[in-house]
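After this come two complexes, each holding chain A, first together with chain B and then together with chain C.
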Partner chain A sequence: MIQTLLDFDLRVLAPELVIVAAAALLTIVDLLLKETVSRKWIGILGLLAVLVAGIFVGLGWGHEPYQILGDSYRIDDFSLAFKAILLFGTALVLLFSLSDKDTEKLEAESEYYSLLLTALLGAMIMVSSAELITLFVGLELLSLSSYILVGIRRKRADSAEAAWKYVVLGSVSSAFILYGMSFLYGLTGTTHLFEIQQHVAEIAGTDYQAFLYLSFFLMIVGFGFKISSAPFHTWAPDVYQGAATPVTIFLAVVSKVAAFAFVVRIVLIAFIPLVTTGVWNEVISWSFMLVAALSMIVGNTVALRQKDTKRLMAYSSIAHAGYMLVPPATMGFVGFDLFPSLVFYLVAYLCMTLGAFVVIEIVARRAGTYDMNAFAGLYQRSPSLALIMTFFLLSLAGLPVTAGFIGKFYILMSAIASTHYWLAAIMIATTVISYYYYFGFARQMYFRKAEDSQKIAVSWPTVAVVGMAVLGTILLGIIPDFFLQAFGQLDWVSGFSQAANSLGY
Partner chain B sequence: MVVTSYLALSAILFSIGLYGVLTKRNAVIVLFCIELMLNAANINFVAFSKFGLFPDLAGHIFTLFTITIAAAEAALGIAILIALYRHVETAEADQFKSLKG
Partner chain C sequence: MSWINWLPALVTFFPLLGVAVLLFLPREKTGLHRFWGIMATLPSLFFALYMYLHFDQGFKGLQWFQSVIWFQIPILQGEPWTFHYSMGVDGLSLPLIVLTTIVSTLAAVASLYIRQATKGYYQLLLLLETGMIGVFAAANLFLFFIFFEITLIVTFFLIGKWGFLGKVKAANRFLLYNGLGSGFLLFAMVALMIMFGSLEYSDLESRMGQVMGQLALLPPQIETTLWAVFIALMIAFSIKLPVFPFHSWMLRTHVEAPTPVVMIHSGVLLKMGAYGFMRFGVGLFPEQMKEIAVLIAILGLINILYGALLAIVQRELKSVLAYSSISHMGIILFGLASLNAAGLKGVMFQAVSHGLISALLFFLVGCMYERTRTTELDDLGGLAKSMPVFSGIFLVGIMALLGLPGLSGFISEFLSYLGLFQNYPVIASIGALGLIFTVVYALRALLKTTFGPIHERYRLLNDLNVNESVPMMVLVALIVLIGVYPDSLGAPMQVTLDLIVSRIGG
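Our next item is the complex of A and B:
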């Protein structure tokens, strides 16, 4: 049966269409607007588009999984959940950008907003495709937009240098993913993940299995880079430090969440037949566990000697990538309940990392330096800001009554349930190490004298962003059962099986 | 099998590219080497679409997409390099070292 474009219910594409239309519209509006008009309006339009897309994602719940465009694009609970997280993260980044007084970034303000939207579009394509070409195009749309966003402050040497490092290492990692995909294609003769799955099931156990390993190990290099996990993490500290803080937040939060969905989707569809032959537990799980353990160790120990706050947060985010890799790594041992714990931690990570970065930006902008000393005596100057920062740090460190604690607890449980006690031990040990550098902030805020005794003024959009992050961290920490049950009720398995309307690819 | 010679060619190109990215000092050469890596993957796709286990046209189509993406990537790389050159006035990649810790 031949399907044409009009056979599909294209309304399911509404969130993506809103974002792509908005990105195009903002570029044109920028050309038509007079020089004197504030470019803030473009940012507000962008924020509106993200909110409208969010409403469409909300309306998309509760339907059967649906595949369109020759089975290459699918709408299921998995993609909707990740799209909701991506849109939430981007909305907060946009809201924060609206109050950001970074004069160098403001030179290209309208480009900044439209590039954020195209990067978001790439991320949404990544979480929603089930076909290698579409996945790769989405990945590159996100990557290319992020390269420009990192270098958008052209007048600053550190920004340009960060962009250069990002573009070189990012392209190399894309080349690794592409080279790995080419072997997967060569073995199966198709780019559709589900058809690949069928062929992989036939190949498993034959001589061609070596090529499957080759493909997997090439791709895991690229995957490791995109989620910034050790030993492929070297770009992250430089890029996080050199980029404007809203861009750093976007990379640390939105880009990382999309990369996780991308990795989980490819590995769990294409390589899942290897579970039956035992190869999964021996090779795939182990490589993920090694990357996870290395990320925790490297991220948490190298963070100890960082003086720059953004660099320190970069190493912290490398360590968190390690924690988040534990549920997918142990999946072969504990079954399909990895998603509630993974998604719970992703949302918790989003709230606390975003909040911590925003507070760092507020404090550092006032002090004129991103050095740790900028926090000296913050409690005497702005007690509320210091208390909020302490709260985010407690959550990042994984202490009780915060989202970070519950998230880490469930991840630890999945490591223990799979009887990989060494992984659980590394996780606990490195978490204890991380207390030292998180409390480095607290030492500065509470036990050092402030050089500048004035209170720090915070504009209302920033207050709203910090408020949302605090609210998210508190709610996830106080009523975790509600969220875990809500995540558990979603039909995650549907993201990894053919939809009813498929063409049989 | 015919396909092995193509695979060998692409593996050699990929390795040369990776070696160049890791060792070359000139930033433009580094960008060239990235192109080599991406094009090694393209050779694989085209070879597999003719001689793979299940020959199929999708490999050619994939290549068209990746050529376009690689072009965009190269343009971006050069643009960022020019922006960086204005600050450091050198195209030697080992001079780009203000960010460290």
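Our next item is the complex of A and C:
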């Protein structure tokens, strides 16, 4: 049977289509609704769309890898797993936004919800595509939506500053990625990752190899920005601080997860032939390790001096980007074993970072300041909130019995198994340093007297968000087996080989 | 596997029941908190004593052993890495479990001067007990590490919230130093896991034996890695014990932490270092241990002399006791360095005996502080007149500290020195000076507090009341029991120690 480009089963695109439809619908509904009607309904509609997309992702499991549109877009275990994480993260962000009473954000509430969905759509395209242009389109959709989301509180100076910074630096990083991609295209004459792979195998070892490195380094600069790893992290503290907290969570969690999938996809398909020539270990692996080590060191040491909780969490997320770069960095040495550890840590990171941000927002809103002092005496005022925050902090610090501990242990295993003792040493040492600032919250919550003695009221959607995050943090720490087995059984490698229905090249 | 194999789990996790009960009590009912706080430590104490009485002294290996697969990490080639939940008790862990339960119960009783936020306090205290028992009852390194970390986190909160003036600083320092130690332990753990594919004590021991047996045939990296692991373990436990250059956190903790926490800290938490040295140092790496025995002996010497000399010049009672702890931990190092039956027995005796003695002394100091509101030696004096019972017990405690025959301190010091004399007579002889210094600082502390002219303001002080003196008498009784009948402590650990010694000799 002759296949044409558009001859495919549309059902595989169901999650994306649901999100597209919802984003469009939300915009139209906003225009039709009267001014007096609460925009909360739009948010609820968005949340529903995310849940429906999640169901479709759930139904998509267990099939052979499937490609559409001439191998430029693929549905495999790798992309489905990442989509599940993205949808889960976005659902929690939406749920939290529903109870967020940020008056300035509320001015553009319906735009806020539709932009969240378009950003999510961009992220989903990123994790699913196997072609440079499609990847870039996904990336830009995510980036452009995020630029607006950061600046959505348009009357606030810090929000505007953050948005401005994010736009300028984000565009520069996109330019870097595009420039790197252009070298890849120039060398191989194609934008399809699998075709690039074949050409790279030919190029490896020839004089043109230098351009391959150039392309890789340019892209690493861009990716480094997107995942906020040092030395490309400078935007993160300002943007995290200036953006409304739900947006910050989206950037710190969803955007970062998508960027990780992006890195892994490009590097593991396009550059994998270099493994056989040994170049991988000398260049690619080392540059990852260098970025990882720098992120851990910079993130964890600069965080020590932060007084603002959101800035502190920004540096913390830089440090966590460093931890998460360890599995990709060391994978050339232990085979394809990186996915379960990376994905496990991403899920753990999602739960604990999201949870911590939400608690910070609850406390800061009450106190009217994001300063660390807002946490003073929280244990006396709201013991359960303090206790929950403690779990997130323990997890972020990588202490048992939480998700963060198992995740970090797993990553550490890959570093030590590949005999990168120096990387393991940096990871352990910076983790110990991080105790100081994570426990800084604990010092405020438990050891200081409260100025405000009233209990903090928390609305039920927020309770649900925090509850899910804390449940995830604890369950991943106590019964990790469930998740480890689930992640272990997924056919990760299939994400990096040609699909069965591929047109063949 | 019968129900009786649940015993270590029961001992370990029973205090958690108390944590749950306390959760539902109203915040203001301090009396109820105290009652449940103390009650919740009793089942563990009971089960620990049951274990002590029913311990099979001739059995080699772990008793009441229970092992369940906890989680597995799938890897591409070969068997998945399996992590077990395993608990069991042998001659090394039994005495320390009993010690932990006793000290925990007494610390709960001694917490009567904790007046604020008692609910949270007792919850943390019970959680700490679970952590400590778990450290000793764990039968694999992973579980050991997890319990080890739990004690660290909980102690941080106990010091930082209920301590004295410089509590937050002390808590921070405690956290960072011990966090560093855990970091080394974590590294060692992961490396062992990758090398041997299991963290069970029994697997580690057998596979370690195999590797050491054919070390000459294996690539040299293996030996390097083994050394790296060994040194990481040594540093981790040196920080905990603490050994000389790593000791500064412990001084602050002893001075700033609330009395019951210091009782536990000095009585049990430091002994986790000694236990680690025995279990993972001597027990797992006998060959490497032999090669650094001289170094350990010298470090022990430094600990003994440095601690004792500085204890002599301290002007504050808690600092005297803190430095004295450093000095006494040096004796543990002496016993370790000897690597023979007597010395290793000395280590275990010293761990238990010093645990009891320091718990007693810190309890006494705490009770005294509640009355005198000072621990400065220059401000104290003549308390024997107004507080005869206190002074009497203090006298016994000090005598045990300086190693008076008939009390537990004597046996443990005697055994450790005896062990070391067989191998390193010179170092042991110099170390014997420490005994003299100990007498000096111990008697100085005693004289400055209880003897001499009494200050006017101390004339009307109340003597110890019953709920203070009874726990103290229990400790005194145990100290005397071990002193006159050492076999009560020595017999259960004999087989395990013989096993370790045979491995060293072989």
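Quick notes on this structure:
Simple rule for what comes next: the second predicted complex is superposed on the first by the 498 of 505 C-alpha atoms of A that agree within 3 Å, B and C clash if a C-alpha of one lies under 4 Å from a C-alpha of the other, contacts with A are read in each partner's own complex, and residues count from 1 in each chain.
Rule of thumb we're sticking to: a residue touches a chain if its C-beta (ideal position, glycine included) is under 8 Å from a C-beta of that chain, and two chains touch if they have at least 3 such contacts.
Please read all numbers here as calculations on a predicted model, not as lab measurements.
In the superposed model, A:Phe409 makes contact with chain C only, not with chain B. Look at A:Val137: by the touch rule set out above, it reaches chain B but stays clear of chain C. Counting residues of chain A touched by each partner, chain B versus chain C, the larger count belongs to B.
Contacts of A:Tyr213 after superposition: neither chain B nor chain C is touched.
With both structures placed on the common chain, the touch criterion links A:Trp41 to neither chain B nor chain C.
Of the two partner chains, chain B is the only one touched by A:Leu178; chain C is not. In the overlay built on the shared chain, the residue A:Ala442 is in contact with chain C alone; chain B does not reach it.
Once chain A of one complex is fitted onto chain A of the other, the partner contacts of A:Gly186 are limited to chain B, with no touch recorded for chain C. When both complexes are overlaid on chain A, the residue A:Trp286 reaches neither chain B nor chain C. In the superposition on chain A, no residue of chain A contacts both chain B and chain C. The touching residues of chain C, counted against chain A in their complex, run 69-77, 80-81, 120, 145-146, 149-150, 152-153, 156-157, 160-161, 167-168, 171-172, 175-176, 179-180, 182-184, 186-187, 190-191, 193-194, 228. Interface residues of chain A facing chain B in the complex, by the touch rule stated above, are 132-133, 136-137, 140, 144, 147-148, 151, 154, 156-158, 160-165, 167-168, 171-172, 174-176, 178-179, 181-183, 185-191, 199, 208, 237-238, 241-242, 305-308, 311.
Those residues of chain A that touch chain C in the complex are listed here as 335-337, 340, 379, 394, 399-401, 405-406, 409-410, 412-413, 416-417, 421, 424-425, 428-429, 431-432, 435-436, 439, 442-443, 446-447, 479-481, 484-485, 488-489.
Of all residues in chain B, only 3, 10, 14, 17-18, 21, 27, 30-31, 34, 37-38, 40-41, 44-45, 47-49, 52-56, 58-59, 61-62, 65-66, 69, 72-73, 76-77, 80-81, 83-84, 86-88, 93, 96, 98-101 touch chain A in the complex they form.
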